[in-house]
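Two complexes are shown next, each including subunit A; its partner changes from subunit B in the first to subunit C in the second.
Right after this comes the complex of A and B.
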């Protein structure tokens, strides 16, 4: 084998090693983001649950009939339905952090919390902002399919409520046929920019991983060379 | 846990949550029984009627959480039609309840709305005169004292937003006509539940017998 071919082969092997190292670094970084975001959402979901219960206890503790009171349905809804929504994603974030299914279940649960909070606050228009806040938080994963899951959950919720109870979605009992397009348009507007941001963020992470891998390889190479020189110097000194 | 078992748990979770939301929707959309509201302003009514414009009477339970949304909707109506409408909010003060029973945030919220007069309905007598049994029920009378509309002004139990009731009142005030003159009402009952009323009646009759 000629020296040139040998040098080429060595370069190819070195490049492959760097690519492999970059992939490992990229995947480790991604996993770190997925796991830390899973943990963040587990905390947020529990906080929303406790907040929902506290809100129900404070603003609608009792239903009344004359002077006779009973615990209001909102309290039971916040405890049991809120607990049910929170249970699976928190369990997955705890037992299976970083897995694809975990973050998709979290996306569904977070959007369901938007719907539940809208109910608990009596349909206040301000609570509807929770939907857009949640989409922004889901972008922390930097994994755009998670945003699609979140958006689909809202779409299904809007479709079903639009059929059963249009006032709760559109604010009026008999909305124009195109009204759903207006709502969907704003969600798509928000999600499309978040998807772009996630994709850009992933590309940046890849570049960072490649640069890191190159630096690591260079530094290892340097260390190998310097250790050979050091060893030769030590041997020469010993003689 | 196998992926199959996990998928099964996820499907069960989706179904359970869906059932929960369905139950919640059914609860929120269940109206109170329709009331036989007085067709003309009752002669013995203690609350005063406006002679030059329409009068809206809202019967409210001072502690009914669902009525918070009704007060918000009333504020919307009054902001828009304050020149064509006077409103009275009558808060139930049940017999035997504490003196501060009506001293709630609902009372102060309603009192802050321009054009609205707030009063106590002692023992629910006024509600009985008007034939109203549910908190959140509105009765709109025209300047001549004839009933123009009755029902709720929220789209569901304790839910703010546009509703058939609000739209019909708006249509009546703007053009004197609406497609219907009623709407479903969502709120707490103004009277004690049946067994309590029966028990109370028993106690009274026992006391009378003792005498």
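Right after this comes the complex of A and C.
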């Protein structure tokens, strides 16, 4: 093999190694973000569950049928439906952190928690802010498809409950037919900016990883030059 | 003249000259260079064949990569 071909092969191998390391760094950074956000949501989902139960106990602990006092359905809904919504994503965050499915399940669960809290508070408009807070928290993943999952979940929930049980979602029995569209419009407004932010953030992470690769490549070039100089000096000394 | 790179920081280079086929050269803006595949950029930097310029003056690759 000629010296030129050998040099070309060395450059190719070094290039591959540096690019591979950059890809690994980028992926490791992404995974760290996914895993830490999974952990954050696991804690948040449990806190929401406990908070939902406490809220139901505090505001609607009992139902009355004549003189018979029973535990209000809201309490059971908070305990059992809340537990059902919380259990799968928390289990996935614990057992399969960083996986794509985990964060999409978490997105669905988080938006279902918004829906449940809206129901438990009798469709209070203030509780709808939980939807926007949840979308902002989902943006911590910097993975925009997760936001689409969350947005779709809450849109389907509002549409179905708006048709079947409007009091549960809007607090009134006969809202305007377009109320669902108004809510959906604000969610789309919010999500479109969060998607842009996620994409930019991911691009910045990639640029950082590539900048590291360029600096490594420069080091490699310096090392090669210095090796040649060192060899020449050694050869000259030997003569 | 302040040059803004993809990271939003300033400094570094504004043009790059890369070797082309048959001893020719091609000049790229910083944005064009940064749009090249990483593999290609890394290979130029390892070989030391990319020449960096700032305000028309050639600069050391190490200085070019600082900004």
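The definition used in the following text is that the second predicted complex is superposed on the first by the 179 of 239 C-alpha atoms of A that agree within 3 Å, B and C clash if a C-alpha of one lies under 4 Å from a C-alpha of the other, contacts with A are read in each partner's own complex, and residues count from 1 in each chain.
We take it that a contact is a pair of C-beta atoms (placed from the backbone, for glycine too) under 8 Å apart; a residue touches a chain by one contact, two chains touch by 3 or more.
On a predicted model such as this, the values are computed, not experimentally measured, just so you know.
Participant: Report the partner of subunit A that touches more of its residues: subunit B or subunit C.
Facilitator: Looking at subunit B versus subunit C, the one contacting more residues of subunit A is B.
Participant: Where does A:148 make contact in the superposed view: on subunit B (first), on subunit C (second), on both, or on neither?
Facilitator: neither
Participant: Applying the touch criterion given at the start, work out whether A:119 contacts subunit B, subunit C, both or neither, answering first, second, both or neither.
Facilitator: first
Participant: Contacts for A:188 in the overlay, against subunit B (first) and subunit C (second): which applies, first, second, both or neither?
Facilitator: After superposition on chain A, A:188 lies in contact with neither partner.
Participant: Considering only touches as defined above, state whether A:101 meets subunit B (first), subunit C (second), both or neither.
Facilitator: Touch partner of A:101: subunit B, not subunit C.
Participant: Touch check for A:18: first (subunit B), second (subunit C), both, or neither?
Facilitator: second
Participant: Just which bits of subunit A does subunit B share with subunit C as contact spots?
Facilitator: none
Participant: What residues of subunit A sit close enough to touch subunit C in their complex?
Facilitator: Where subunit A meets subunit C, its residues are 11-12, 14-16, 18-19, 22, 204, 207-208, 210-211, 213-218, 220-222, 224-225.
Participant: What residues of subunit A sit close enough to touch subunit B in their complex?
Facilitator: Touching subunit B from subunit A are residues 59-69, 72-74, 77, 80-81, 84-85, 87-88, 95, 101, 105, 108, 112, 115-116, 119, 122-125, 161, 164-165, 167-168, 171-173.
Participant: Going by the contact rule set out above, which residues of subunit C touch subunit A in the complex?
Facilitator: Within the complex, subunit C contacts subunit A at residues 6-7, 38-39, 41-43, 45-48, 61-62, 65.
Participant: Inside the complex, what are the residues of subunit B that reach subunit A?
Facilitator: Touch residues, subunit B against subunit A: 1, 6, 9-10, 13-14, 16-17, 20-21, 24-25, 27-29, 61, 63-66, 68-69, 92, 94, 96-97, 101, 124, 135, 155-156, 158-164, 167, 188-193, 196.
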